[in-house]
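Two complexes come next, and they have one chain in common, subunit A, joined by subunit B in the first and subunit C in the second.
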Partner chain A sequence: MSRFKEIEKFQAPPQGGYQLLPFRFTALEPEVYVATNLAGEYHLLRSDALCALVHHELSPRSADFIDLRAKHFVTDSRSNVSTDLLALKVRTRYRTLAEFTALHIFVVTLRCEHSCPYCQVSRQTQDRAAFDMTRETADKALNFVFRSPSTNIKIEFQGGEPLLNFEIIQYIVTAAEQRNLSKRRNLRFVIATNLAEATEDILRFCADHSIDISTSLDGPQDLHNQNRPRPGRNSHQKAVEGISLARRVVGRDRVSALMTTTAKSLDRVKDIIDEYVRLEFPGIFLRPLSPYGFAVKTNAIAAYSVVRWLEFYKEGLEYILHLNRLNIPFREFYASVILRKMLTSEPSGFVDLVSPAGIGIKAIVYNYDGVVYASDESRMLAEMGDMTFRLGQLATDTYEQVMLCDNLLGPIEASMTTSVPMCDECAFEPYCGADPVYHHAVYGDVVGRKPESAFCARNMGIFRYLITKMRDEPTTKQLFMRWANS
Partner chain B sequence: MLELSGKLKQLSGLSTTSPPSLLRVVTTPALPKVLARDAAYLCQSAEIPVGFRIYMALESNREFLESVPSGERRAVLPDSASFLREGDIMRVSPSSGSYRVVFRSHSNHVSILLTERCNHYCLMCSQPPREVNDDWIMNEVENLLPMIPIHTREIGFTGGEPTLYGDRFIRLLECTKTYLPRTAVHVLSNGRIFSDLTFSEAYAAVKHPDLMIGIPLYSDDPVRHNYVVQADGAFDETIQGIINLKRLKQRVELRVVLHLQTIDRLTNLAEFITRNLLFVDQVALMGLEITGFTRGNLDKLWIDPYDYRDTLGRAVDILSAYKIPTAVYNHQLCVVPEGVRRFCTRSISDWKNEYLPVCSSCALRGRCGGFFSSGVRYRHSDHVQPITTA
Partner chain C sequence: MSVNRQLEIDLEAFGLDSIKRAAYRFSDRFAFDIALAGTTAHCTLIFPESDSSSSIDAKIAAFRKELLDQDLRSSIRAETEHVRNLILAEAFSRTGLVSDEPLQGD
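And then the complex of A and B:
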């Protein structure tokens, strides 16, 4: 007789059964469901296995059961550690909530020399005094910045074109650094600029103060210049020269670029990606248009549907996968954000796809005139006359009045995906987020009806696509694991 | 393979009732008397210095002992002990007439067994547990520690399950910190005792400056892990132990032995680690040592490493994608995928590390960890072949 027991001796007795831990499921395709647990781990299973699972009839010897127990969808008398691990993972995912507002956006001027039809801001061309942030306002905004308990503070300069009011940027950076001598936060800066007005002196200042540069690049020259008109029709040339100069002066890894998808972009995704590859960017963020500002006025939003945008997105992602197979490392950043949620237990640092919503509590906007908004999009709504997400005025309101106002707490609470109808039972809830500003802008309430929501359709489309890719292509899953951790 | 233990011949001058003692091996004749009287002199010639505790010679040099003055203690060592060097430490047991080399000064692998007792009974145990009171081993180790040179780079504590000593194990770590303050310490434990937070806190309270604990985790499936270690409830306690240790900021290495019972879920285990235990300090994926229980269970355990190389490659890819420091132990470079080679470590203790004749023409032999002696003797991959280009 062997001194060793067979594996059957370590199985649970069949009469004991198993308990279900909280999970959600959604059909992925006919007969195949995706199930997700509280921590965002997913498991694909056939509909008959799902039925057996929920009726407590799944065999403990089956591969599905063993996977589901190891991923903490079920528990039985063989192991009690799953709830502890699940709690650990959920705590980890939400740990940045306690950090509170990390991103502080300063709109230092509304002036801009570009006239992009999709611009989210109602740009102003003249009258320096009327549309620039003053030192007095900047000081008050800095008071708010350092009231945030977050150990990580990022100050982002926006416009208009913020370099047109570079004097106030210098003032704010210097003042913030001075205050930080005693506050001791991990303080970083970024300027969102089209770089057309960038000079070596400006960039030298950025280098000396560790200021990152985030610029706009919509694709190859003809497309970019169509999307982004400016006097001289040289926006692309200015951007490329600015990127090159900024890399030399500030640092190669300190310059990033963002693109916006217009109707004209839809047939050009490879050209757009090639332009980013040519300019040696490590990846691209394939972004849809936002339904705000000039984009609505000029009807650019209605110019394409979610379905068309998803085609564009998938074509782009397939091309990026192709590049990676050619050993050209290149990423798509929105997929990376989602994959981080799918494949890791780490919190996502991304403000626009998170629940509770990131408005105010992850990112906040200080407008040139001292008005505080819940997000960049909120100020676009305000420019259009909708004050729903106006949180207060630096000149008159205290930090407590702003952060505890109903305009902020109401939408955050109402839009939490764990309680919103349809989101609460959606398998993709752990990957998604609440966007009360978008839903308010388009549907008139912060929750919206999900079957009609373009936000929902777009994200669900991407979730399904990514999960299917990972099932069908092991090498893609391997690549996605690296994206998730980059 | 070095024979670290053996029988002493012509042992004289020592009472068979005297207890075992630890002796430092010396080959320097001119040693001051104050040092010589506790040391064993290994005779290199017929010139015999005076004042040593005991005189020894290898079998082939036994005639040197004839010059030892009568009345002095003496013994003949088998020629297999020819590796003995100045500074080595050996245990001499007069009652059984045997010796064991417990510390080799020129080895990078100082591994100190603390007990043969264990609360696991692993299918592939290389050191089969014995249910005996072996506290004497701990007594001896406590005496050995002050004898180990203070500049020793690293020592390892192994078993059995060293933590079965409870508080005495904690005290041993404290002594290790005081006697060997600059020596890295690696402990091999199944980690179960650390599910007791109080014990974990005592372990952390040692505040050892360079301590790592290696804990085995064989599957993401609790049933399979418990089967491999042949102990109900082991998985939960080990996981809880790892969490407690990391909560207290202790360094933890996970160790996975690769064989037929663990290889099928290896990539699942890798993903489990990335989701649940991302905070561990290192993961070691280890080849099988064909000794102990493994030999009897070989039909249940053996899978040619060449046949699981793709699985190994995927597991390494997963762990490294999540930036978990990963090492592959006990594998030959020629049987792992090329991308895995840089994760391979020369992990096999020098005294039981060998190569095959075919390895002599391999361009990478100098970087390759080679084989366990037991692997050479009993079972190794059928796909070992020299790599011709580096």
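And then the complex of A and C:
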């Protein structure tokens, strides 16, 4: 006699039918829907199966039902731990909320020797007194940094070109390390620099204090130099030399690069990726222009639509997949962030793609003049005269006044995707974000009307594309799973 | 100038909330008016003059399909409201983010 029960025993319909667990759905194609549960797990099903599921007519023996039960879309008499498991996954997903502000951006100067047309804030001036952060302001900002309960603290130096005020960077790093002897946080530093002013001495300090370097690289020489003019027209040469020097002095893994997509970039995505491969970067972040500052003034934003940007993005991703098939490991970082949300329960650290919005509570900006902003984009809006996301002044306001001000709490509460029209029922909500600063900047309202939102169109386009790729190409899904889990 | 098309929807078949949600989702394609009379919602769909007749027909067909989707979503919301609250309460029960004390003014 067998020690196991017959297979029919396990295939028998459960007693009492099944109950639905919370889920959302959105059309992927005319007859195919994406359904997602509270934890962000997704399942594709045809429209007739969706109707049958909701009307409790889906066969418990169907492949859809078996998958949906395993992914906690339904529960029955044989799966009574579903709600507990789902709660655990939801808790994991939101666990960084309690951590509070982890990224603290110090704008140490607005001075810069570049004159990039898409830059929001830089000044071509030698006037250090007018546009550099002082020690007094830095000390007050550090008081705010260590008020955050976050176990992980990252201090990012931005500008302008922050290396033009390297003395204050040295001061802040040393002071933060001193304070951290008693605070005992996981303290990290990063400098966002064009590397044109980098010297071996500067980079030696970075190496000694484990400071990461994030530089700008817009593509091959001609494109990069068009996008990023500077005296001598040698921005690309300076960047490449700086990357090489930084890798040698600070360490290969501590140097990364970011690109910005201008209208001139749109037909050059393969050239841009090839340049990153040539310089031996492990991946690229294909990111669009922000609709702020000089990018708007110079009409660079209007130069391309979200539809055109999506074409650029998809062409780039297809090329990256092609490179991987040629055994050249390379990834796209925005897709990796989204895939992590789609394929794991782990929270994403990416500030622009979270709800509640990450402004203030995940990242905060201390400007050179002591003004505190809710995000990097918020200070760019302020440069255009829009103070909506100005949170306070380090010289006069307390931490409580800044973190509890209406300019911060109002937009966060109003823009939560779980209660925003259309977002609340969208299957892609677990992967998306609120981004009230973008919607305020473009539509004059922190929520925006989603049918007309370019943010919504751009991200929905990417979500649909990634899910379709994983359905149609098993090897691509395997690659995406590696991107999501590393 | 605009092009108006009328649509009558039986409120015993579709809830008013479902109709409004579907209309919002299509708000980039047409404006929308509702007048209620008994169990019928008299809807006016207002299209830009530049829309062709075939384009308008396609949008109305897509809108009708969206109504069906919204009806399903309404069923899911109603059936899962209790368990949704239970799961979220359980998920945040040990985070320290949710207080058991009633908020002031409750």
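As a convention for this text, the second predicted complex is superposed on the first by the 472 of 486 C-alpha atoms of A that agree within 3 Å, B and C clash if a C-alpha of one lies under 4 Å from a C-alpha of the other, contacts with A are read in each partner's own complex, and residues count from 1 in each chain.
Assume a residue touches a chain if its C-beta (ideal position, glycine included) is under 8 Å from a C-beta of that chain, and two chains touch if they have at least 3 such contacts.
Note that the coordinates shown come from a computational prediction; the quantities given were computed from them, not determined experimentally.
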Query raised in the report: In the superposed model on subunit A, is it clash or fit for subunit B and subunit C?
Result: fit
Query raised in the report: In the superposed arrangement, does A:3 touch subunit B (first), subunit C (second), both or neither?
Result: first
Query raised in the report: What is the value, to the nearest 10 degrees, of the angle subtended at the Cα centroid of subunit A by the Cα centroids of subunit B and subunit C?
Result: 100
**Report entry** Touched partner set for A:54, first subunit B, second subunit C, both or neither
**Finding:** second
Query raised in the report: Once the shared chain is lined up, is A:199 touching subunit B (first), subunit C (second), both, or neither of them?
Result: neither
Query raised in the report: What is the contact status of A:170 with respect to subunit B (first) and subunit C (second): first, second, both, or neither?
Result: neither
Requested in this report: Figure out whether A:23 sits in contact with subunit B (first) or subunit C (second), or with both, or with neither.
Outcome: second
Query raised in the report: Between subunit B (first) and subunit C (second), which, if any, makes contact with A:84: first, second, both or neither?
Result: both
Query raised in the report: After lining up the shared chain so the two structures overlap, which partner does A:69 touch, if you call subunit B first and subunit C second: first, second, both or neither?
Result: first
**Report entry** Which of subunit B and subunit C A:422 touches, first, second, both or neither
**Finding:** second
Query - Where subunit B and subunit C come nearest after superposition, their Cα distance in Å - result: 13
Requested in this report: Show which residues of subunit A both subunit B and subunit C reach, each in its own complex.
Outcome: 84, 88
Query raised in the report: Any idea which subunit B residues touch subunit A in the complex?
Result: 121, 123, 220-224, 226-227, 230, 232, 235-236, 239-240, 243, 265, 268, 272, 274-276, 278, 297, 314, 317-318, 321-323
Requested in this report: Spell out the part of subunit A that touches subunit C in their complex, as residue ranges.
Outcome: 19-25, 27, 38, 50-51, 54-55, 83-84, 86-88, 90-91, 94-95, 97-98, 421-422, 425, 449, 451-452
Query raised in the report: Any idea which subunit C residues touch subunit A in the complex?
Result: 21, 24-29, 69, 72-73, 75-76, 79-80, 83-84, 86-88, 90-92, 94-97
Report task. Would you mind writing out the residues of subunit A in touch with subunit B in their complex? Result -> 3-7, 9-12, 39, 41, 66-67, 69-71, 78-81, 84-85, 88-89, 343-346, 474, 478, 481-482, 484-485
